[in-house]
């Protein structure tokens, strides 16, 4: 049984996260179901896709399923890992993807939401970037995706403090395109999606692809990238990397030593 | 007779769009007159230039003159086309260019306004990016210019929905530097222009040139560009491209098939 | 005797500017003392550093010490000049650096503040970019640092007008991460710093380094740089460059001729 | 019936051009047959592919089928044109591709040969780059492919003169990896191919992909590319573009006016 | 006891590899000794450094010590691994480094030699790039270093075939700056080194640093790098990766399955 | 009276250096005369330009006029300096430029020759890159121009040793396109130029412009460039910089101290 519910209304595809017991954590299975639903909707020729949690959710998605992280000694955010795959799938999706957001968006889900094209949130939407709380090294493209949506200044604060940004601040920062009262959130989102569905799908998809290319076009040289990879490896080979997960499982605050 | 009015006050050059019957549409003739006026003002050694519509205008500029678009099968936004020329002229202009904006700014005019250095708007200013409504493929540098001013998140929404952004949101997004009451718009703008005129013109022009270079410095490789060009050609060779213009001329909503 | 006061509280290092007679102008000596304090705090293994002026200061820092500028005919912002060194030191500092800002931030201090990772300001904070008022050519990385923090649109206005941006606008532009009432400014800042100090220092420092690399990764070719350098030399070889400093020393408005 | 002959020996796939009446001109049909053969050989899990003409051929390939060029007013070397597709297919092929070359390699075939990974030629091999003889504007990635193989200095001469480079000079320039006597050409090539077939196919294919990425990684910005595209359009819109083809069909030297 | 012999003659530093039992394999200990010797020579203010094997050696260096490779599941060529460190040390060395080469240069030693500034070889010098023979994924900067010295066309052949290039071909390809008879090799090299030692060390070191920067300045974006890293991981996680080392230790040819 | 002789034969423009007393040193006046001649030939619509010394010359050009170098404390190779201007003029010249070379090519003339499109030399041609002999810091684009023509490996040797490369080696390195016996040098060059003149001038000029763009497209970031500029300034501010010129004028070998 799929962990998402899919639906089509007037060329608008809707994918509702239906894994609420696990707070829509981005497990391998859950991501696979989202991607299957996306492909199925594209096959039905929808012109826009909406991602959403159940109405009134307290958590939009809790991010990585920490039990599925790579073992220590391995890059926890490799190119073929599920989160990376869906992030590319959203970018490569020929239709725009709208995130309708109620509740908390944590960790990897923050990148997932931010890579969506348009974010529309209710008053209880919030965004939290958590790797530094767990001692995890984030990957370069993921950092870039978050900078692109949050701006450099806010991204620094979010990464370094791991504190939440609420809906109002998210609107001011441009993370949210629109902040809408809970009662109007659905209608507002469908109206906006409907406007997209009436426009030229060819023009939209080609411009989306250009925007994807441009927003990833950060020029670095091989040595720089290898140094970044080397630095990230210091993190995933460290004792603190083990402590982060251990503390999480023991439901206590981690004690980091910087080693 | 020129389609613009030009004037100099205290080293401030003012170009008033005077083609209101055509809603200041960016025809070849109109663009040529703006560029002539710019050169003439520079010859008079103004230190800043203001672009504006007539006081109280409902439309700042309606964008491309759709009757002058290249025929199907040809890139509608080529390097030597008039809109591209004036967009480069504004960037290369040694003095800052201020857009004083009242009324709607549509389509190609949106890029024209956004490439100005400083945007000051009245309460009825609004911005609409329209290519997806007409089935037109936008060019890479034009997309970049709009991202640079609107931010990536808003640019996506504006491109995909083709809906207007009003003055307040434009201020929040940073499209407008200042939102000023209609009655104070002129004075405010001249004061700000005056501050520029008193500063070192050499320092200003060299910094402007650096900012131009930096804001265009997006590194892509040839294959990527050729793929973008290939994708754009699919659009201008499509049936929807013809439908977009046809519907406009017949004053009806287009019916796009994605082919 | 040092021109700064340094202190450690709960792994938070605090550097208080103590050169108020000179309005914390960025003299060679003052910068050297800040850098010494940073190294000393890092040696004590602080996990975050705060830069601040004295409580209630009217001026956070007045920027370059204009008496120490290179003589005409020489690049006034060379790679090994003190301001450039501290700007790199802040970026290369393995811990985040927070700027707690009260009062005016002028000229080179504006870049110094903007290169800090997180900016928290009180109601009297303000930011002024002054090179065009003095006829000084700004250096490429410095311009980039300011664009990265202020956004392109505001940076253009700030560079060309040399007018101040007040605290509220700075918040809206994202220059300030937070605008806090004067009475709560310290507590707020220590709380935020405390959150950082509890997170994984390895994860934080590696992500900070990635952000540093990304935010400086603007791809230009050698000819373009040499042209920029050539244009900047026209400025520092000009008569206006001499006039700018002369007028400052004579406490009068400069009269620029563009030569 | 296919215009190529395909064969497998010891994990080495061989594609022999069999369109000699048309001098192996790169018609749409011929290119399609080569690509079909490549896919078929990959399906059989060959570890290296050899492209060759019939033993003793005077012409390896005559290049573009000039009758199939796009009509004037259109880019003759678009991203989805057959030559561009096969050039990408050779680069994306997971096995190395060896060109065994006897006879003349002209025009578009010169790029096709040069994009192969290893070139082994007999004494009558020669290379001629012909666009300037026909008044055709070459595409950016194609120019890059030729620079990468011929070196900048020789590429300039070859492009500007349209004169042939013989086998000995081709060896010196590095166009040919090896120049081998006609009688030993086959054995030599199979031996070298055999060495590849014995190595790790994963290691080889991943390194090949890295080399592909690196050799195409030329950083240009959008405005530069659009200017190049604009300049190229001046060529395909010119009278000389028509004259080039006309003279070819009339078997006479063209008379170019530069218009 | 050090595995190298160091010596100074007329401001020329000479480092002779003295680990011939292990065929100068690039073990951690051997690399550490080379780097210690380099630092010691720089401390003595030599103006050029020569790397060499014992006169008449059959093997200059056998490359990686395969027993010291990272375990499967880990990047075998990480940023902080010894080979990577010495390759950066040679590039960052303020004096030119000359490789005087007699005998075979294999595997990682091929990159080590190629990153030297000037290569002077005797008639028995040869170069072999071996990762595909062992099923090892090569790292991006290493590939770049080899392209920079061998040229793209020869690098492809060397990587894919793992066959040796002899001294004459190495001269033609530009791998060797000079090919000198065995009897004159030393004198020739000291003469050339002497010419460097007489020139301006500041001018030389600054130009060397520019050349280092330029030759590494290949612009790629984060997603591309992560994909390369993902592809490389497929190799080091494969069965063939284990087979490569196993076969080497069992002194037999590996049997690769591509899995 | 001009320091060059200009002539047109069959759409081939010929510029003969006529400043042999000064060994065709690149003085401000000499460069101005070359540029005037180029413009005049382009006005006559020549389709290719040849630069040459008098038949049988021992020196093609002695390079910089060392008496005209900027004073210490200033960049000796600024963007608007005469050598930089002519180097750009040759690249921007819409026709190919051929260097017919007899005799020695020294210092700045080496870059001037290498930036020409095609180099044809007689047996006494030789190339010497001299900045390290004089203690001069070379500029980034100049280094790039030399790498592009000589290859990285030879460029390193030429820069670090300041020794000459003779005609045969220059041919092997690709510096010379052709090495021709003295008696046939003229005819050979005119024949090759004639081939260019018969081709499509539009196609040739657009391809030349693409090659210019590509060969300069080296992506660096601002901080890197500023560091290069900083390092170069260390050189022109050094004592050795003064010693280099002093020794030249006193016709003795310089004694460099590295300070």
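Each chain carries a letter (A, B, C, D, E and F) given by its place in the written order, and its residues are counted from 1.
As a convention for this text, a contact is a pair of C-beta atoms (placed from the backbone, for glycine too) under 8 Å apart; a residue touches a chain by one contact, two chains touch by 3 or more.
Since we're looking at a predicted model, the values are computed, not measured.
One of C-F, A-E or E-F repeats the interface of D-F: more than half of the contact pairs, counted by residue number, are shared by E-F. Shared numbers divided by all numbers used gives the overlap of an interface; between subunit A and subunit B this overlap falls below half, so the copies present different residues. A comparison of the C-F and D-E interfaces places the larger number of contacting C-beta pairs at D-E.
Rounded to a whole number, the gap between the C-alpha centres of subunit B and subunit E is 54 angstrom.
Centroids built from CA atoms put subunit D at 43 Å from subunit B.
Centroids of subunit B and subunit C (each the mean of its C-alpha atoms) stand 33 Å apart.
Across the assembly, subunit E contributes 140, 144, 172, 217-221, 231, 234 as residues in contact with two or more other chains. Residue ranges of subunit A in contact with subunit C, taken from their complex: 131-138, 140, 143-144, 147, 151-157, 159-163, 172-173, 218-220, 224, 228, 231-232, 234-235, 238, 240-241, 244, 253-254, 256, 258-259. Listing the residues of subunit E that touch subunit F in their complex gives 45, 48, 96, 117-119, 148-149, 172, 174-175, 177, 192, 195-196, 198-204, 206-211, 213-215, 217-219.
Of all residues in subunit D, those touching subunit B in their complex are 73-75, 78-80, 84, 88, 139-141, 144, 216-223, 225-227, 229-231, 233-234.
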